[in-house]
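Both complexes below contain subunit A, partnered by subunit B and then by subunit C.
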Partner chain A sequence: MSETAYNFGYLDEQTKRMIRRAILKGLAVPGYQVPFASREMPMPYGWGTGGVQVTAACLTPEDRLKVIDQGADDTTNAVSIRSFFQRTAGVAVTGATRDATLIQTRHRIPEAALTEDQILVYQVPIPEPLRFIEPRETETRKMHSLQEYGLMHVKLYEDIARHGQIATSYAYPVAVEGRYVMDPSPIPKFDNPKLNDCPAIQLFGAGREQRIYALPPYSKVVSLDFDDHPFVASKADHACDLCGSGVSYLDEVIVDDQGGRMFVCSDTDYCGARVAAGQRGRLSPPEAA
Partner chain B sequence: MTMAVDALTGGFADAPVESARAFRAVMQALARPGRIETVTGAAPPAPMSVAAGVLLLVLADGTTPVHLAPSHDLPGLRDWLTFHCGCPLVAPEQAVFAVGTWPALQPITRFPVGTPEYPDRSTTLIVERPDLMLGTPALLTGPGIRGEAGLHLPDLAALSANHAQFPLGCDLFFTAGDRLAGLPRSTKVEAL
Partner chain C sequence: MPAEQMDIFASKKALAAPLLSVQGLTKRYGARIGCADVSFDLYPGEVMGIVGESGSGKSTLLSCLAGHMAPDAGSVVFQTAAGPRDTVRMSEPERRMLARTDWAFVHQNPRDGLRMGVSAGGNVGERLMAVGARHYGGIREKATDWLGRVEIAADRIDDRPSQFSGGMQQRLQIARNLVTGPRLVFMDEPTGGLDVSVQARLLDLLRGLVRQMGLSAIIVTHDLAVVRLLADRLMVMKGGQVVEQGLTDQVLDDPQHGYTQLLVSSVLQV
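Moving on, here comes the complex of A and B:
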């Protein structure tokens, strides 16, 4: 079957209306998880079906789409979702954060600052921040309605009691506008400060769990912490071995079986642009004569 | 029973693309209170504005009961909505969307505001206005607003009371001609 046999953006219009209504309610109640009737998508759950449905409901033919998977534009998940929307929506795509109007992301926020003209769509596996503390949906829903978040602080406190510090390093819970506690999806806590006061609209889609939630631009997003154990946006204590950046989030790559390793930027667009601009890291090849 | 011929026209010519573009404008309006967006593509019968028509074409269907306030509860408009959206027309207490002028929608406290467990189950009000620049100038603060924003509103007391129920409350769109502005329940409204 040819791609033109599909509706624009793959989903049918009634499904898009349902998702669009959920997005608007999500924006009106920042951080609250709006239930939606998630559809079967032509990719398995866990591969970003929630983000794909939100993106499909938001895309226009004029958009320029960027898809990243843990910061990279060229990994399987990013490549397949990008080509899915090229085929079903005919949109332009890009790897450059600056040029994108809509960015779908799995587990990272780009290093480059976002603008008012951009929308960031997160793929979310488990949208409920309280789920690993309280498995019953009826209970977590009641806890959100009563703003009863004491258990979340108990979990962070147990980290301190066992490890001497808050050991949660990704999917670090945040409070939105002083009301709802929200799971920011499994982004590293290094990215948490970028959630706050962001000029772009941020949308979160959880396909298997059938939830959509949102952060309007410039929302106040605070990472939970304690006065004597303040939140720290940590990263590996190295500079990138390819571009030399000391401020970007790094992936550790094992390079041999002798314990050799290197650290590289997780954001491939950021790293590539720096290398292209002549920045060098510890393991950069020598300059061509 | 006869249906007016003009009930069959005035929808989107290319629904998937036009509704996608219109939704982006609608989303920006609600995500950034105070911003006024322009939309096109709908030609509903009078007295419904283009912007209100676009909102309903983009968002309403057979699963979303709509309340037509007395100002808009006219046979031509009922037929148009029935044909293009297929939405049930209901009383305020059952409405997912409600359309009308501000006086005709009163009292807005009749509309569902959601429940503590499901604050999303609230009515979205589409308020038809003669001009978005008429009314009481108001100062807006809250999510979606960098610092503060301004908008002309019909009734600050009722809208402040709506905000005071947060996270419950109605969300509103104000429409005039082909222009619309959003006012989510999260926005604090004060006299300028």
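Moving on, here comes the complex of A and C:
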């Protein structure tokens, strides 16, 4: 059901080349924010225009695409981007992390381990980790080039002073290969350790801010912390109520007006596969006899 | 100034090389002169005042010295730990490193020198973290210590500077600058905009810190009372030129240049 009126992947070839050049530069300088001429996409900013452009530049007709939004394959953002590429590129799509060659994600890293044959594309709202402490872009660029990252720790210091611990729970800043400090996009800090030494190529696209950055496979990615307040990858202290997994990242869902709640895996593919394999959680429906 | 005190300075100068040696510093704004051909030496432990009316080029001079602005000609040789270096020709990373460690800059308006959205403790700790401190407890302990030294109650450590009075903000700015133990402090009208009693306490505090830590300082001000109290040596500027320099008391009590005479006689007597 490909729409032949569009070039493969919606963007024209020149634009894709421009984006690929930015991606290559990003891979050559891990963590560095490469400016690129972001295009208007047929979706509003904040809906993944950066990620979509990176995906479009990376897609080949043989690719199998998976799109997730907060871990789920079936939420609005994921469904619309997936159907966008089905229509404009006619590529195969999948929900299974293992089967996908290219995964576009919003705010999660899949639970299943990624492989060298995969590319993970992140949608990034604000690529500049220093933005909220130093609003001047001219100044933050200088700080990056001179590796002046003391301010990043000021932010963490403020967290501890105010909350007794590092309260930053998502978009937790990381240092890449001992050089650039990078915003890992608003993934929960639970996912931060997965950025490190990852076999897959990780690409980050920010459409409104016109920046692309990248982590080549097996990059060293360290979450910033203090010696006496080390980084902790936290998650809700529960097991999934559907599949019983005690190690996956959980969403909290309010189920009634009496404060009833359940915790479910945010990664629907991971959870679904476990349920299919016969795993059960606290609120699983009783087995069909 | 008593004779034996002058002898102390004389022996100091004989012992040490100048901490800062400025030669022919010139900055132009197009056809206008910011400051022209300024030369002086500053020795360790010495406090120099720069006075002059608005537009006389004293702030331009200070910005050039502190590396905030690139001068058009001249050299500013600073005695770094690894020997004398011309900071004008230094690479920017080196200069910024110097600005975080051996130098300090106290702005006239604390809003320029503080992060208003960050707590007092964070403000003091920033320089420590910028030079690699990564132990929260240690940073906090040092911040508490410095807040005490500038007479800010320890329980205000988590308050933001926007909740502080003007005098407290200025004291916080001083603590933030001195926490890394700099050797040279640049001050641009440190008491400007404060009322007299607060000014007096701030000056008292500054004088104590300067003596206690053996700091060298360059203070730009238009307030002659401030230099009388703090500065060993005085430089008078007019129209971008240095018109007179010498020991503070000597210049103020026996001004030679016509402009200095005017300046001294213009001070209101209460």
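Definition applied: the second predicted complex is superposed on the first by the 287 of 289 C-alpha atoms of A that agree within 3 Å, B and C clash if a C-alpha of one lies under 4 Å from a C-alpha of the other, contacts with A are read in each partner's own complex, and residues count from 1 in each chain.
Simple rule for what comes next: contacts are C-beta pairs under 8 Å (C-beta built on N, C-alpha and C of every residue); 3 or more make two chains touch, one makes a residue touch a chain.
Bear in mind the structure is a predicted one, so any value in this text is a computation, not a measurement.
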Subunit B versus subunit C as contact partner of A:Phe226, first or second or both or neither: second
First, second, both or neither for A:Ile160, with subunit B first and subunit C second: second
Contacts of A:Gln14 with subunit B and subunit C, given as first, second, both or neither: first
Subunit A residues touched - subunit C or subunit B, whichever exceeds: B
Touched partner set for A:Thr60, first subunit B, second subunit C, both or neither: first
Which superposed partner A:Gln258 touches (first subunit B, second subunit C, both, neither): neither
First (subunit B), second (subunit C), both or neither touched by A:Glu148: second
Shared contact residues on subunit A - subunit B and subunit C: 146
Of subunit A, residues touching subunit B in the complex: 7-9, 13-14, 16-18, 20-30, 32, 34-35, 57-62, 141-142, 144-146, 177, 179-180, 199, 201, 214-220
Subunit A-touching residues of subunit C, taken from the complex the two chains share: 92-93, 96, 100, 115, 117-119, 121-122, 125-127, 129-131, 134-140, 157-158
In the complex, subunit A residues that touch subunit C: 133, 146-148, 150-151, 153-154, 157-158, 160-162, 225-229
Parts of subunit B lying in touch with subunit A, wherever the complex brings them together: 15-17, 19-21, 23-24, 26-28, 30-32, 58-61, 63-64, 96, 115-120, 122, 124, 142-146, 166-167, 171, 184-186
